[in-house]
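Handing you this structure, nothing more for now.
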Amino acid sequence: MKEIDISRVIIEEYSRRLSEYLENDVVIVGAGPAGLAAAYYLSKAGAKTTMVEKKLSIGGGIWGGAAGYNVVTFEDKDILDEIGVTTKKQGQLYTADAIEFATALAYKAKQAGAEIFNLTEAEDIVLKDEIVRGIVVNNGAVRSLGLHVDPFCICAKYTIDATGHPAELVGMLKKSKPELFPQQLQEYFMNVETSEAGCVEKTGEVFSGLFVAGMAVCDVYNLPRMGPIFGGMLKSGRKVAELIKTKLEI
Amino acid sequence: MKEIDISRVIIEEYSRRLSEYLENDVVIVGAGPAGLAAAYYLSKAGAKTTMVEKKLSIGGGIWGGAAGYNVVTFEDKDILDEIGVTTKKQGQLYTADAIEFATALAYKAKQAGAEIFNLTEAEDIVLKDEIVRGIVVNNGAVRSLGLHVDPFCICAKYTIDATGHPAELVGMLKKSKPELFPQQLQEYFMNVETSEAGCVEKTGEVFSGLFVAGMAVCDVYNLPRMGPIFGGMLKSGRKVAELIKTKLEI
Amino acid sequence: MKEIDISRVIIEEYSRRLSEYLENDVVIVGAGPAGLAAAYYLSKAGAKTTMVEKKLSIGGGIWGGAAGYNVVTFEDKDILDEIGVTTKKQGQLYTADAIEFATALAYKAKQAGAEIFNLTEAEDIVLKDEIVRGIVVNNGAVRSLGLHVDPFCICAKYTIDATGHPAELVGMLKKSKPELFPQQLQEYFMNVETSEAGCVEKTGEVFSGLFVAGMAVCDVYNLPRMGPIFGGMLKSGRKVAELIKTKLEI
Amino acid sequence: MKEIDISRVIIEEYSRRLSEYLENDVVIVGAGPAGLAAAYYLSKAGAKTTMVEKKLSIGGGIWGGAAGYNVVTFEDKDILDEIGVTTKKQGQLYTADAIEFATALAYKAKQAGAEIFNLTEAEDIVLKDEIVRGIVVNNGAVRSLGLHVDPFCICAKYTIDATGHPAELVGMLKKSKPELFPQQLQEYFMNVETSEAGCVEKTGEVFSGLFVAGMAVCDVYNLPRMGPIFGGMLKSGRKVAELIKTKLEI
Amino acid sequence: MKEIDISRVIIEEYSRRLSEYLENDVVIVGAGPAGLAAAYYLSKAGAKTTMVEKKLSIGGGIWGGAAGYNVVTFEDKDILDEIGVTTKKQGQLYTADAIEFATALAYKAKQAGAEIFNLTEAEDIVLKDEIVRGIVVNNGAVRSLGLHVDPFCICAKYTIDATGHPAELVGMLKKSKPELFPQQLQEYFMNVETSEAGCVEKTGEVFSGLFVAGMAVCDVYNLPRMGPIFGGMLKSGRKVAELIKTKLEI
Amino acid sequence: MKEIDISRVIIEEYSRRLSEYLENDVVIVGAGPAGLAAAYYLSKAGAKTTMVEKKLSIGGGIWGGAAGYNVVTFEDKDILDEIGVTTKKQGQLYTADAIEFATALAYKAKQAGAEIFNLTEAEDIVLKDEIVRGIVVNNGAVRSLGLHVDPFCICAKYTIDATGHPAELVGMLKKSKPELFPQQLQEYFMNVETSEAGCVEKTGEVFSGLFVAGMAVCDVYNLPRMGPIFGGMLKSGRKVAELIKTKLEI
Amino acid sequence: MKEIDISRVIIEEYSRRLSEYLENDVVIVGAGPAGLAAAYYLSKAGAKTTMVEKKLSIGGGIWGGAAGYNVVTFEDKDILDEIGVTTKKQGQLYTADAIEFATALAYKAKQAGAEIFNLTEAEDIVLKDEIVRGIVVNNGAVRSLGLHVDPFCICAKYTIDATGHPAELVGMLKKSKPELFPQQLQEYFMNVETSEAGCVEKTGEVFSGLFVAGMAVCDVYNLPRMGPIFGGMLKSGRKVAELIKTKLEI
Amino acid sequence: MKEIDISRVIIEEYSRRLSEYLENDVVIVGAGPAGLAAAYYLSKAGAKTTMVEKKLSIGGGIWGGAAGYNVVTFEDKDILDEIGVTTKKQGQLYTADAIEFATALAYKAKQAGAEIFNLTEAEDIVLKDEIVRGIVVNNGAVRSLGLHVDPFCICAKYTIDATGHPAELVGMLKKSKPELFPQQLQEYFMNVETSEAGCVEKTGEVFSGLFVAGMAVCDVYNLPRMGPIFGGMLKSGRKVAELIKTKLEI
């Protein structure tokens, strides 16, 4: 019966991929702009890369542009050109369609070889000998319903927290090692100039094996937020990929 | 202040596009596989095409594959090749990654020139002289909250109901003109062979100016459902595009 | 890493079982007393039997006894003796502990070889050439959240609707074939004597390939309800197993 | 088609106004009695004034009077006379109809030239060089649904927090600069005499560029609450307008 | 204690007004544009008029303009001029600010002498000798919570159903006297030209003592809807006032 | 340990009473004014009477008076005098305090010997040989949570449906025997004169073994509703008690 | 029209009482066992006493006995004899029916002259010159819905917090005067012997003008809880009445 | 009537058991793997053992395996062999079916003589003379609804907190005696090796009369979590049973 053939190839293909990607070079949590950019650059360089996203759809905060006006802005367009997004020069800024941007970025990451498990939520990190070795995940729907069900693990040489605001993985680590993270109160108001620059500058490894990228960087370092301008997100994703590629010697 | 420049270009770009796309050759409701395929083929042929989607993200039922196993299946791969989706032959079937499929399809539709307004919900049709002339839309968030707010209109020479199951636009028409639609009870159980074929065959104009495509076809004609096999959806989208292109003489 | 070994054996074992049990002699929907009894007797006789239950835990309405007083009653004790449940004679009735009864029944069905997929919801039937050939299922958590995700199929030579009240699978069939089912209004009030007997008597095939057992029988035939007495449920489960064993010639 | 003419003039008029009012002399958050009074006096004096209100309707806590008895009270009636509200002397107090008061105040603010964006929620402040330069806003319905969507900015020379209790803008500032605000515990019980006076007296600038008016004053300075007597609210709104007019030299 | 003086004048003033307005010339249900216009014209002519509104704020669907763009449109401006709303000619249409329109209309109705009880929900009509004699009301908050609390009555010579879509009072009457109301299916799609005219034309008495105005007219007569153009609403409110004034011989 | 003594006497006393009152002369569903009055008069006459109420507290719609104004009205005061409620003559009416009325009525019913199980919901009737023989009950909290738990039974020679609007027990019977109940549409608007009289007049046996009292009478016979006047409720309760006393020959 | 007579007497009677009881000797918050006992003894002694209760029904935690078994226990029966509750000696304890106890207590408090406003929630205290002078109240339904509506005041020479756990009025005071209340952690586990005694012993004035009674005493002084034994509650209510009667010199 | 016989035997049997098991050797809170194993070993040794579980069904986190893949893993199989669970060797691990494991464990505990009250929630502990003497329980449905109802007590010589994460009973004790429990921050990330060993090692008495077992041990001692491997849970349950058996001298 054709219905059973369909069911079988899906179950077998999915479980084969899930089993194959339990061990990775890199695991990325959160399929927003920074995570997707990191996945694109890492996969393109040959790193075995898995991304998990708790929602059904990927794209994070891209879809709605500003307040639902689905237009996004950038200060530069080199990464956009690379992934094939149409831009329009308007004054000092480039605008693009939010839907085109979200889908181009995810499509190019997939084409480059990244594995993405959506409806899959990271609920913890795996820490061995003071090194982050991967993540603990569960079914996103099971988590949303609050069902009492155990998780499983996905491990990686390097883990990227690209969960946006709040930085979820770093937050878990912070609870047990508060002394490692900045605690002083700083400004956290919108300020495009400083946030775009700072977010890229501070992108990097925050604990052995754990990197942070995108808005999660702003959250960890109390940087200002930036609003519907996405250049910093892309550059942060590219930078974290560069840092890990160096570690992986690829 | 850069924040104001960003805000202004977004507001102006969005309202310029919204105003420009109030009048169209074709308006498509629902950004699932059939709607996106129709948008791709119509835009590629030069039809001025606008799509509205009530959710923030596009893709409809593609993302979850089957039961959350994010793999989708097809019987043919010609359209997938055309839009650049990686496929894998498994027995009689082709499998593809659900996320790659969703993003490739939307990306190619955007690249071809389709305009997409997400977070925009069709709440009614515009009917003049017994011809469907477009749709009545509202903010998707306003609708979800049940706020008492009036809608506005987007008009088109041809309107496509690609809202899946239930066929929302046809449903509105059915309430006032029940005699035009099949009422006899038929089977509506999963049956891949008959649904894949029937869904394409019945794709077409159901009322002057109103076309139906994708799962909405199955809903209107009480055809069986098909499950996580998406070939019929793509072919239905391509067929509705062909039919309208003929009408538009493009 | 041991965590990955654990994750891998679970994923592989589960997907192997899921793939193996896509095709069955019998599929049973609903893991309440009648479904579990049917699973026990069918598996014991060697039928390849799969049961799906939308909730995380099995047992249906057994756990709460009456109004939460977790005691259940029976008129006979032969099946209870067979599955190893402690009973106590009280007047004309036998009482048992609801928790012991629920767990003994499920444990014995498992020991007999039945496969059970919990958190798995039947959302439709598979109908081919006017024969029910199995069920369409989805992740129970995905369904509870109302996510837009396609299902997959589990097929079987015979399908048992043991979903209780309302009889969910029969209800789907009824919508397309109302002429096949009793429509006259009858009493549906509690009446232990007539319901215990009637429920067993009417247990059987309601449509080619589809059997009904337990409270779902009462729902289909408008029989009275019975309350916290479970003998009829067990006998109905045993009877449906007998009928199918004859068909399977085992 | 007339429906499209209507849609187009609305979209264009709204986006023209939104774009025009991205830069202001004053932006006021919260359309309750103090905010509306401030908007009235500032607009009347020629200041370019924009008000945002997260709800669909304006008026804040005026509509319900006391416990839903829609009557409001005042100790003086000069401002009420100025905006055209009918009053009635009852003992030492003046009473007015809550609905007449709410609508008169908003109507007069609009007539005086104030721009009001309802269903628009302030989610942050804009802080540059230690000066508050405006607010970060989003669609009120998008925020109520918790959708992941970026905001945009509205800037102004002076910002007024008229959000009532709790003082939302000041609260954001307090988190990063707790040393600037009173922390000692004080009474916060109803006391009409001291609250009516104190609320007006303490109305003013709390941080460079950020003013506070109305109940938000009581919140910032731990003053007693006042109940359904609205004279202090009006005087606080008038006072903050006076202070800003002096700054603007108008 | 001043707090008690305030409490007492509010309770006494409210209960005096509530008691005084238990018997009226006209009671209007629903404080949207048509109801407020009717209240304005009736009160101006000297009719003792009470309006009830279930929400805390009045204005109905005016506040959000179209999809939250708070601009409203009109084909004529004579009534707007009369109530003092600023208009702007744009092509064939006049635009106005939604907030200014809502508040001006309510303010002028109040100034003309109308009594408005907000947070007061009509849950039934009073019917004596086949004549509608008023309405049965309850506390709006009590109703929203579904508390089991009895209502009280407000009577009037004439009752106006201005509840919009669906026409709530007419709906109650329809259930007991379905033969009096049109039952045939008609179009109910947006069509500004026919709805603006039809809504005014059909405004009138639908049952002895019960009048219908505004969108409730469209609901009763299955007329098309109109969207964010409010001229018909105002004219319908003015017309129902004229019809009742003739009956009242004022 | 004293805590265990307390627990034990409560459990034993409750289960003794529950067991004792499984068989009754009369079972009353709904502890509102009519049900409590019936319980009072039946118990006083010596009938073994049990009442079930799904909520924790008894009193039904008495507590809120009208719209939360906790005052109730009556045309006569003889029953009030009998149960010891303070009344006040105001015009043609007597007023009483709602709380005094609710508690006096329940207290006197208890003193007269009625057994009341609160948090106990009737979910069905027991019908044997076309005679109503009692009710099927469950834990009210279990029912509110929608837990899948079986009920138990309480039987009686006569059952009174005093569930108010809608008449829940009669509604169950109506579904299986629609021909026995009035179906024609009648008025159901507030009309004190006719409802007070009609409600008492129609109080009686509606099916063998099943009586109806109070607002449930109005529901069964489509009588007008009455609002916050409770004389008819008391008289209906007294009348149903008289009718059953005659049957019981007490 | 009789309906209007009924409405008018209710509105006038309620507002008369509400106005009359704005100033009292004593105001009690919370109509549970301690509050009702205090109301009974204070009213009986001639103190002008008003009680507010946020729910529709009074009785607090009495109705459900233990875990829904509606039986309550006592160590002594003198107060029960005084208010006319039937008791049964069982070992060292007296049992009573929870419903009889709740209604007898409230009925006797009403008969003694206490005024009770149900559906009326205390949201704050009135504090003048460091003396508690009464409470700030709102409509309970308005509060439950979170509507933005101002409260009004009820004043008294003495205020009793009988709100149970947590002690709501004391909690408000604690936030501004933490130094006045015990902060050290103590046991708060069930211990009938110590809690029954301690709750009565500690009953008294906790701040000038504010008394605490019943479970609120345990909350303020971190005493153990007591479970379904109500003697301490009654004695605490009687004691607080005695203390205030001495102050009032009655 | 048979329905009454059924109701009576259930009520009497349940209340007899509830009364009998108010005093125990051991009371266990939480029917997950550790609690059930403890119940099995204690009952087998002759200890009078009662277990309470707040949900309707028992089994805790067993049912869902990992992320809903209903397979569980173990490092050893001796306890599984003892309770009759089918295992499969896969590499270094044993797998078992989650449903078979859950039901076998509970069934064997029941067969060994353990009493289990499901839908029964522990809301507090009983502490006398600094010794934990049992628990305070309530109806689980009543608690879920937040109804205001008092609890009752179940006492025991020894109490086991097997509530998983968070350790509910220990948490109550911690609030009043924080100095007795570890407060320093430690890692709490998944680490199978250390958690499986540590959980068993730390199983034991944490306060006079109160033992902790299973995941609650990890919670109390900040040990790492372990995921879907259940050997530690069983061993912890067995160990706590051994410790208590020694105390009981059985």
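Letters A, B, C, D, E, F, G and H name the chains as they come in the text, with residue numbers starting at 1 for each one.
Convention: a residue touches a chain if its C-beta (ideal position, glycine included) is under 8 Å from a C-beta of that chain, and two chains touch if they have at least 3 such contacts.
Every value quoted in this text rests on a predicted model; they were computed, and no experiment measured them.
Shared contacts of chain G and chain H, meaning chains that touch the two of them, come down to F. A comparison of the D-E and A-C interfaces places the larger number of contacting C-beta pairs at D-E.
Distances between chain centres, each the mean of the C-alpha atoms, put G farthest from chain B.
Taking each chain's centre as the mean of its CA atoms, C is the chain most distant from chain D.
For the pair chain C and chain E, the distance between mean C-alpha positions equals 55 Å. Inter-chain centre distance (chain B to chain H, centres taken as mean C-alpha positions): 52 Å.
As a whole-number value, the distance joining the C-alpha centres of chain A and chain F reads 61 Å. Centre to centre, using the average C-alpha position, chain F and chain G are separated by 29 Å.
In chain C, the residues that reach two or more other chains under the touch definition are 3, 6-7, 10-11, 14-15, 56, 63-66, 68-69, 119, 126, 128, 139, 141-142, 147-149, 152-153, 190-191, 227-228. Interchain contacts (touch definition given at top) occur between A-B, A-C, A-D, A-H, B-C, B-D, B-E, C-F, C-H, D-E, D-G, E-F, E-G, F-G, F-H, G-H.
In the complex of the two chains, the chain H residues touching chain F come out as 1, 3-4, 6-8, 10-12, 14-15, 18-19, 22-23, 56, 119, 126, 128, 133-134, 139, 141-142, 144-145, 147-149, 152-155. In the complex of the two chains, the chain B residues touching chain A come out as 2-3, 5-7, 9-11, 13-15, 17, 56-59, 63-66, 68-73, 84, 86, 88, 90-93, 95, 97-100, 102-104, 106-107, 110-111, 116-119, 139, 141, 190-193, 227-229.
For chain E in complex with chain B, the residues that touch the partner chain are 60-61, 63-69, 185-191, 224-225, 227-228.
Per the touch definition, chain E reaches chain F in the complex via residues 124-128, 136-139, 142, 147-153, 172, 175-178.
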